[in-house]
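Consider the two complexes below, in which subunit A is the common component and subunit B and subunit C are the respective partners.
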Partner chain A sequence: MEQLYGIFVYAVFLLTMGGIYAVLTLGLNIQWGFTGLFNAGVAGFFAIGAYTTAFLTTAPSARHFGGFELPAGAGMVAAMVASALIAWGVARICIRLRSDYLAIATLGIAEIFRLVLKNETWATNGARGVSLIPKPFEHLPEPWNQVAMLLLVFAIVLVLYGLLERARRAPWGRVMSAIRENEAAARAAGKNVDKLRIEAFILGAAIMGLGGALMAHHIKFIDPNMAEPVSATFLVWVMLVIGGSANNRGAILGALLVWTIWSTTEIITTRLPTEWALKAAYLRIFLVGLALQLILQRYPGGIFRERRLRTSTTASNRGGGSHP
Partner chain B sequence: MDTNPDRTVSGAAAPPILAVEALTRSFGGLTAVDRCSFRVDAGRITGIIGPNGAGKTTIFNMVAGALPPSSGRILFDGDDVSSLPTHELFHRGIVRTFQIPHEFGRLTVLENLMVVPTSQPGERLWRVWTSPARVRRREREVWERAEDTLRFLTLWDLRDELATNLSGGQKKLLELGRAMMTEPRLVLLDEPGAGVNPTLLVKLRDMIRQLNQRRGYTFVIIEHDMDLIASLCERVIVLAEGSVLTEGTMDAVRRDPRVIDAYLGGGGEGGAAHGG
Partner chain C sequence: MMDFVNFHLIPGVVLGSIYALGAIGVTLTFGILRFANFAHGETMTLGAYLTLTLVLLTGWHALLFLPVALALTALLVLAMDRMFFRPLRHAPSIILVIASFGLMLMVRSLVQVIWGTELQGFSKGITLPWVLFDSLRVFPKHVVILTAAIALMVAVHVLLRHTRTGKAMRAMSDSPELARLTGIDTERVVRATWIVGAGLAAAAGIFLAYDSHVETLMGFKMLLPVFASALLGGLGRPYGAMAGGLVIGVVEELSTYAWIGSEPLLPPGYKAGVAFAIMVAILIWRPSGLFRGRVF
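Right, the complex of A and B next:
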């Protein structure tokens, strides 16, 4: 019984984290999947969201900036706004860059951002991070507080899915994909490509910021390491590619799937003898890379492929579509 | 079959819809367009011919805002539009097609056309979320227009196909289809006939003529198919080595020894030496 309860709590935690990653992946899907923007700085927007809400919702502390004790909801909204604003600034400079240069630029900006978080100790408490971030429902008894958090995360994922799926099927999604497919032709069709790209970049970043805020509230703690390229950017990219780029369901499924692989391998690696533990961290990355290989060989476009409007099935866009 | 007798011949005094003045564009050491000047009269179909590499496409790229000129001016309706971005020129009424088809590969054929029309409320995110009925209404209009266009181009059966899977000629038609989804004032067609089958080519020619006569669209057509040019255009501009060699009716141009020379010389030094 004890053990069963442990598994239950673990599963709730696993799914909550998977759901938070689904938020991040949905954000990246807008940028890369719909619009073809190679954002390699997911971690940066994640961190902006996480730190914004941390500063706004914690109690006053001498260790870090902020301490306004705002409700978590306000913190999440502010996280989205902050990420959107930074994204606007980044996009104004970088959005005209060719895909590969955009990747380098965003990766660089995210790294600079992480170093600032690490070194501006007066504001961020440096590498020790910000702790005691309030968690929604934490006054509820165990395990209901965890379950409530899971439900909150899933509700957010569902709402996002609904909104983004409508956006994807609308002319908005169509024009974004047109830009992804052929920039010159989109311009020749009278589309203000730069403006639309900036819009997609900002929307995606705002959602990543929300993901960061959820993460901060969920684990009640945030430090600059959580904004490392591997744990944030790399994982989210793998999730999107495996699940199926340009497909919102794919983004969610990919996040849940890859997160499960990622965290269950952690169970294994932490049980290894200490002299192995360090190597094991790389083994995990290797394993995820291997999963990526295997899945992409079986499903080249990801598990769920991109779906386009078909006149014969417009009334009901059915699911599936993983066959080539 | 040849020239249309009841075509109105406007006086030379009417201001041109497009004027290109000393337009120049170099790529590194190569001057692709060299102090090129010409005018396009409103309401007419003007042809541009010239050997490969004469700079025809480069001129279109500059007029459509895809490529900044090195020097010179482009006047549209009397306004200097030389530095305007493509989408703004589009909204002023300049529409172009590409010599090498630029399809939206992983969009369906139908979607390729539905992207084009302006004032689609569904391109605004908050409208998508707040006024879906309005979005749907406009979407229906856009759909119907795309359907008409595809039926005309004999591509309707391929509407659900991804554009990347079309044949070269079909992509060429789709290219034209996108231009037909708007209400342009000036249409720049870059080799519309290349790769299109003869039956359809006749239809295409009639369509261009119809759009010109009924809707008053001004056309500039780059073409290597001299018969197509001869049957559509009363005025032809001949380009060689980046500038205007001569212009006039197709018949006059065809007989011009410099033109023959330019084509035979392949635009190389030999041709130019003979010409000069």
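Right, the complex of A and C next:
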């Protein structure tokens, strides 16, 4: 019975993490899937969100900046605003760049954030990170506090899904895919391409910031290594590409699927002798990379392909480009 | 004053020549295959670790293995192209960027599995610098690295200017369609590009390891400065990449010099951010770089 209870608590924890990754993947989907913006700095916006809420909601501490003891909800909203503001600055500079340049620039920006978080010890406690971040529903008895957190995360995922699906069908979303497919045509049709791209970048980044905030509250701790390209950026990209770019259901499913595989294989690897456990952990990254390559080559649309909006003109010639 | 030359200017020039070697590969791949190769840093790591293995096996000096390590790395990169880039040759270039992003982590994790994550070195012990004119201190290894790097860059120059392959590479970089129409075997040019890029990257990795140490993240740390160098020189411009590398290397080292007062101008922890700051500035004000490279 006790063992079953342990598995239950673990499963709840795992699913909550999967839900948080779904939030991040939905954010990336707006940028890459719908608008075709390559953001290689997911980890950076994740970190901004996580640290913003950590500063605002923790109790005062000599180790780091902040300590305003605000409620978690306020922290999450602030995390979204902070990510959005920084994304606005980044987008103003980078948005007109060709996708490769944007990838390099965003990767660089994420690295700069990491350097700041690591070096400004007075504000962030450096590499030791910020701990004792309050978790919503903490006062509830075990395991209900965990279950409540899970429900909160999934409620957020569902709300985001609903809003993004509406946005996708709305004229706004249709212009976005027009920009992705044929920028020149969108421009010729009188659309302000740069402004719309900046909007998509900011919206995506704000959602990533929310994901970061949720993660900070969920594991109650944040350090600069969480903004490392492997753990955040790469995993989120793999989730989106495997689930299906430009499909919100694909984004959510990809996140849950990849996260389940990622963390259940961790159970296996941690049971190996220490010497092998470390190597197996790296092997895991290798296999995820290999899976990404297979998907790119064999199933470029991912599990859920993009659902094209059908109008009288597109119904006759759908199924054109498979790559987003 | 001599501190400035000994601890900032000379290391800057050496680092810059290493960046330059890496940047040539990035700029060639960009010009000919038309995508930013994120796995390029890992090619440098591979070169360094292959050399390390040979050194541990034989006990000989690392630089003796330079030709072997360059060839082995080039072969491995050709195999990677075959497996991961060739199937996507006609896909949009951004898909290739994603593939290279994935490949970057695959290579890195494999290096971590095979060689472990501890810092390692080609040789134990410390070599003392030569002291010239009473105060100028020059490390023999820096002279060796600089000489070898210049020799490799001259070799690239000869290849691009005076051989059929080099001319075909330049033609394809200028216009792939026209190159195909004139009967240039584009797959052959692509292979040549990978060989040259990978060889130079391996050399950069080996020199960096020879200057300091071997570690699994060394390639990733080089990636941003190398991209910045290629951008600064103008993408698709091999000579620009050489100049860009030198500038970035020197500026990185000079940024920590005590220009004002006795404190370093920039805390050393932020040295890695210098290349990036330069890169952003170029992207905003002069995307074609110093040497009028291609702007896509």
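Simple rule for what comes next: the second predicted complex is superposed on the first by the 301 of 324 C-alpha atoms of A that agree within 3 Å, B and C clash if a C-alpha of one lies under 4 Å from a C-alpha of the other, contacts with A are read in each partner's own complex, and residues count from 1 in each chain.
The rule we apply is simple: a contact is a pair of C-beta atoms (placed from the backbone, for glycine too) under 8 Å apart; a residue touches a chain by one contact, two chains touch by 3 or more.
Everything numeric in this text was worked out from a predicted model, so none of it was measured.
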{"item": "Side-by-side fit of subunit B and subunit C on subunit A, or clash", "value": "fit"}
{"item": "First (subunit B), second (subunit C), both or neither touched by A:L203", "value": "first"}
{"item": "First (subunit B), second (subunit C), both or neither touched by A:D223", "value": "neither"}
{"item": "Which of subunit B and subunit C A:E181 touches, first, second, both or neither", "value": "first"}
{"item": "Subunit B versus subunit C as contact partner of A:G108, first or second or both or neither", "value": "second"}
{"item": "Partner touching more residues of subunit A, whether subunit B or subunit C", "value": "C"}
{"item": "Touching partner for A:F286 - first (subunit B), second (subunit C), both, neither", "value": "second"}
{"item": "Smallest separation in angstrom, by C-alpha atoms, between subunit B and subunit C in the superposition", "value": "10"}
{"item": "Residues of subunit A at both interfaces, subunit B in one complex, subunit C in the other", "value": "none"}
{"item": "Residue ranges of subunit C touching subunit A (in the complex, touch as defined)", "value": "30, 35-36, 38, 83-84, 87-88, 91-95, 97-99, 101-103, 105-106, 108-110, 112-113, 117, 220, 224, 227, 231, 267, 269-270, 272-273, 276, 279-280, 283-284, 287, 296"}
{"item": "For the subunit B and subunit A complex, residues of the former touching the latter", "value": "64-66, 85-87, 90-91, 95-96, 98, 102-108, 110-112, 114-116, 118, 120-125, 128-129, 132, 135, 139, 142, 159-160, 162, 178, 182"}
{"item": "Contact set on subunit A toward subunit C in their complex", "value": "36, 38, 40, 93-94, 97-101, 103-105, 107-109, 111-112, 115, 118-119, 229-230, 234, 237-238, 241, 278-279, 282-286, 288-290, 292-293, 296-297, 300, 323"}
{"item": "Interface residues, subunit A side, partner subunit B - complex", "value": "163, 166-167, 170-172, 174-175, 177-178, 181-182, 184-193, 196, 199, 203, 306, 308-312"}
